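You will see two complexes here that share subunit A, one where it goes with subunit B and one where it goes with subunit C.
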Partner chain A sequence: MAILEKRRLWLAALIAAAILFPLFVANGYYVHMMTISFIWMIAVYGLNLFAGYTGYLSLAHAGFFAIGAYTLGILTVKAGWPFWLAFAAACLLTTLIGVFVGLVALRTKEHFFAIYTLCVGYIIYLIIDKWDSLTGGVRGFIGIPAPADIGPLSFQTPVAQYYLVLFFLLVVVWIMHRLVYSLTGRTYIAIRNSEELALTLGISTMKNKLASFVLSVFFTSLAGALYASFIRFLGPDIAYVSVMFDFLTYLLVGGIGTLAGPVVGTLLVTFLSQQLQFLQDYRMLIFGPVLTLLIIFYPHGIAGGIIRLKAKRSEARRLQLEATQASAELAAASRQERSERYAKEG
Partner chain B sequence: MFLHVERLTKRFGGLLAVNDVTFSVEQGKINAIIGPNGAGKSTFFNLISGLHRPTSGTITFKGRDITRLPANERAKLGIARTFQTTHLFEQATVMDNVIIGHRLRTSSNLFDAILRTKRHRREEQACKEKAMEVLDFVGLTHVADRMVANLSQEQKKRAAFALALATDPELVLLDEPAAGINPDETEGLEELIVNMVQRGLTVCLIEHKMSMIMKIADRIMVLNYGEKIAEGTPEEVKNNEAVIQAYLGGSAIA
Partner chain C sequence: MELFIQQLLNGLTVGSVYSLVALGLTLVYGILHIPNFAHGALYMMGGYVTLTAMTKAGLPYGLAVVVSMAAVGMLGVLMERLVFYPLRDAPPLHDKIAAIGILLFLEAFAQFVWGADYQTMPTPYGDVVSIFGLTLTVQRILIIASAVIIMILLYLFLKKTFIGASIIAMAQNREGANLVGINTNKVAMLTFFLSGSLAALAASLASPINLVFPGMGHLVILKAFVIIILGGMGSIPGAIVGGYILGFSESLGATYVSNDYKDIIAFAILVIILTVKPNGLFAKEGR
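On to the complex of A and B.
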């Protein structure tokens, strides 16, 4: 119980910090960076739901991110749709594509699934890159509007956009939290643990994997649509494997299959790569080995490592408690035996 | 007939792992399957539980042809199993592992989970109660909050039993439950299996430990190179010439 209370407190403090952040950091650049980080986090939560909790590594998610972004751009700029309608449609269309990709991809397992989705991601990149008339190809896609006002709420300023993105992030975290601690979440985790066991426990693995995959695509498309309305310029490189690699890095550093992982990893890695910007692409010379070491020694990332350490400690404490209790009982028993013997003798 | 397999065959490439086996599982009994390593015992379980499709032959359960039914549907009909290696989630508590066992008797979905509907709350409670009940039955209540990784081998086997029992099965397939377990603990497992049958369950048991089989099995089927070479009571099987041959002159049967 106390742990739960403590966690609540931490969460409240974090949310408060996120809300107060733009008020105390006057520098617009940091607000911008933070907004972008939040967008990445939403995408990484999508990846985490499927890779972390259901056990399937999808490498098509940068593609879904780009479809969400481009659909919003095309519907608002070319088709002239109202912003929020286009926003909803972008997420729905991407999710629908996710259903079809999932139906085929989920017939494969493990690394075959990873390779298949890698191909899907690359095909999405190629389509965006080559379909000049629709996407603007390599020249990019410009003129995407900022989010339209909702009643009295206006999202024209960077700070307002920061809050909008934060709102969506919190919703995603809230959904993830509810999901992970539910029968459905337990079902996904059971599939991750052993698909054979799950099947013999009467779980329809295909149905559950598809639902998890589709929701994960939805989260990532949401991030894509937010990205389009925030950056307001799109290039095909947002569908490229390097973006996928970024998502994965954030997730692995933070902790795959943990609730805090996407936040921790994204913040840490984007912060570090900011600090190392002077190294340009040579940053990878540092990131590569660090990531490798991390995966070898902390396969569950920073958040996962901390959770495990805590679990180990409380288990050790419990064992110690049991041991002292047992020895106390033993001592009491032998004392009683002795006193009984004395009573008899005396 | 409770569970009946008719001329069941499973071929892996050129290998006949299960070859033309006809066998009936008797309700309310301990039905044992024995045979040397690689005889096809686990494959036989995989066919019954639906993880493998047979190359030919049929499986009927309570009068219904289930040969083509997916594994998860068979579990719903009341066929549960354990694995030779437990397959448990080692980094979670015993309770967290066992709760999911009752999931197949619930129907709440993604939206119930997110909205925390009444149905979800009710079903989550039901799963927890069921987990508590089966953990009590297998005698693991005191370690319910322990990490599976920290359990003894015998406790892990009991946890796997609990998980199978949480599905509310009628038939339980146990694949080598006593492997890697010391003699004292083996006796405890024997007792548990007998208890299961007394509770009205039907057990099908694969085991290499002959003393255990001879003590608790009502009937035995012997597989060798995928073929059924003998069937009968422990007494009959013990004295069967083909069985003695299969076990290298009978030294393995004691």
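On to the complex of A and C.
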């Protein structure tokens, strides 16, 4: 229980730091960077739910991200819908597409699933790229409005948008937390660990995988819609595989299948990318090998590594405790035996 | 009618290139059961090494292709040793992610060394010949002919030589092959060498028609995956037949349906196949 309390304290401190961040950092650029990182984090949580907890590598998530973003753009600019209606519609439409893709894609397993979703992602990219009249093609899509006011709340300033994105991020983290520690979350983990075993235990794997996939698509589309309203310019690049690989890097550096992973990984990698900005297009010269080395030598990422270290330490402590107890018992037993012997001889 | 036959010939050329790439991919899949997402990067490196050997070292086209095949083959071996071998007992998710890491690295590397520009590869076989009223360049004939020759050689190698048989043995059963004294490490390295060489050959043959650029492997590798799913993962005849099927459907689709969306055809085929048969058309392990 003490550990739980401590974790709660840490969490509260982190949230407080995130809330106070724009008040102390006057530099608009950093606020902008943090907002973008939060948006990536939401998308990475989506990926984490499916790849990390359910064990399926979906390579179509950049495509879903782009569908969410483009739907928001098209609905607000071309169809003239009010912002929040378009926002909800963007998430819903993407989720609906996710249901259909999931229904088909989830019949495949492992490699087939990865290849299938890679192709789905590519189809989405090609459609966005070629459907000039709807998406603007390679020229991109401009003029997306910032989030509309909700009552007295206005989201026109960067700081206000920062808080809006932070709010959504916290909601996503909260949902993830509730989910992972629920029976449903454990079901997903069971599927990840062994789908056959889960099936024999009476778990409907298809239903659970689909639910996990759809929820994960929903998170990603949410991130996409936020991205569209924050950056307010869209190009087909956001559907491209390189965005997918960015998500993967964030997830792996942070720790796949952990709750803290997406936050840690995204912050660290975006911060490092800023430092390595002089490399620009060549940053993959660094991140490519990092990704590969990480998966070979440190597949659990930073958060996963820390969890393992802690588990090992508490295990060691338990063993030590047991050992001292055992030796104490042994000593007591031999003392008793000796005294009995003395009593007999005496 | 003439247009139709011209398109069939186009399909044959494109299909030859696809088949060569898919062969390398299917060989690796058959042996190690990993979908090598970095295969497209090997293809791209093949194009660049040939180009550099021709323009910088002044080698003739034929020799440059051989150099490129050897170099990219070694790159494949290096990949196996440094990345896939240490990951042999890891969950399947890890292989895929590691391959993606290699892909990103090699692409950035190519862009770093050779720049992001599209480059043309000169070919001594640029002449146009006309046979029966059809016009085609010698390069296209070269592509088709060399692809067929290589496929026959590969087939003979796998079926008639001892080393080839050991590759097939390992594809059928890794532990069994190990038990009867086959050095599985050597076979895995050899397979990666072959796979890299085939990719380099395909790229060197196709580059004079297309162009050389860092992203040239993207579409090709995705299509190669479509092909090996079409033909059965790990199946060698399947890769060849699948390559030509895709080549034909693309060149015909580009003419009669839409040139803009011709790249979608492959993925549409894949989506349909996997929708109907989730484990691929010929769902059999190895061969």
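Heads up, the rule we're going with is that the second predicted complex is superposed on the first by the 346 of 346 C-alpha atoms of A that agree within 3 Å, B and C clash if a C-alpha of one lies under 4 Å from a C-alpha of the other, contacts with A are read in each partner's own complex, and residues count from 1 in each chain.
Going forward, a contact is a pair of C-beta atoms (placed from the backbone, for glycine too) under 8 Å apart; a residue touches a chain by one contact, two chains touch by 3 or more.
For clarity, every value in this text was computed on a predicted model and none was experimentally measured.
Chemist: Go through the superposed model and pick first if A:287 touches only subunit B, second if only subunit C, both, or neither.
Modeler: Second partner only, subunit C.
Chemist: Let me test your reading of the model: by the given contact rule, A:245 touches which partner, first (subunit B), second (subunit C), both or neither?
Modeler: After superposition on chain A, A:245 lies in contact with subunit C alone.
Chemist: Check whether A:104 is in contact with subunit B, with subunit C, with both or with neither, and answer first, second, both or neither.
Modeler: Only subunit C; A:104 stays clear of subunit B.
Chemist: Considering only the touch criterion stated at the top, classify A:205 as touching first (subunit B), second (subunit C), both, or neither.
Modeler: first
Chemist: Give one of first, second, both or neither to describe whether A:112 is in contact with subunit B, with subunit C, with both, or with none.
Modeler: second
Chemist: Which partner, subunit B or subunit C, touches the larger number of subunit A residues?
Modeler: After superposition, C is the partner touching more of subunit A.
Chemist: Can you list the residues on subunit A that touch subunit B in the complex?
Modeler: 175, 178-179, 182-187, 189-190, 193-194, 196-205, 211, 215, 308, 311, 315
Chemist: With touch defined as at the start, can you tell me which subunit C residues reach subunit A in the complex?
Modeler: Those residues of subunit C that touch subunit A are 33-35, 37, 83, 86-87, 90, 92-94, 96-98, 100-109, 111-112, 116, 218, 222, 225-226, 229, 233, 260-261, 263-264, 267-268, 270-271, 274-275, 278-280.
Chemist: Going by the contact rule at the top, pick out the subunit A residues touching subunit C in the complex.
Modeler: 51, 55, 57, 104-105, 107-112, 114-116, 118-120, 122-123, 126-127, 130, 241-242, 245, 248, 252, 281-285, 287-293, 295-296, 299
Chemist: Flag every residue of subunit B that touches subunit A in the complex, lowest number first.
Modeler: Against subunit A, subunit B makes touches at 49-51, 70-73, 75-76, 80-81, 83, 87-89, 91-92, 96, 99-101, 103-104, 106, 108-110, 112-114, 116, 120, 123-124, 127, 146-147, 150, 163, 167.
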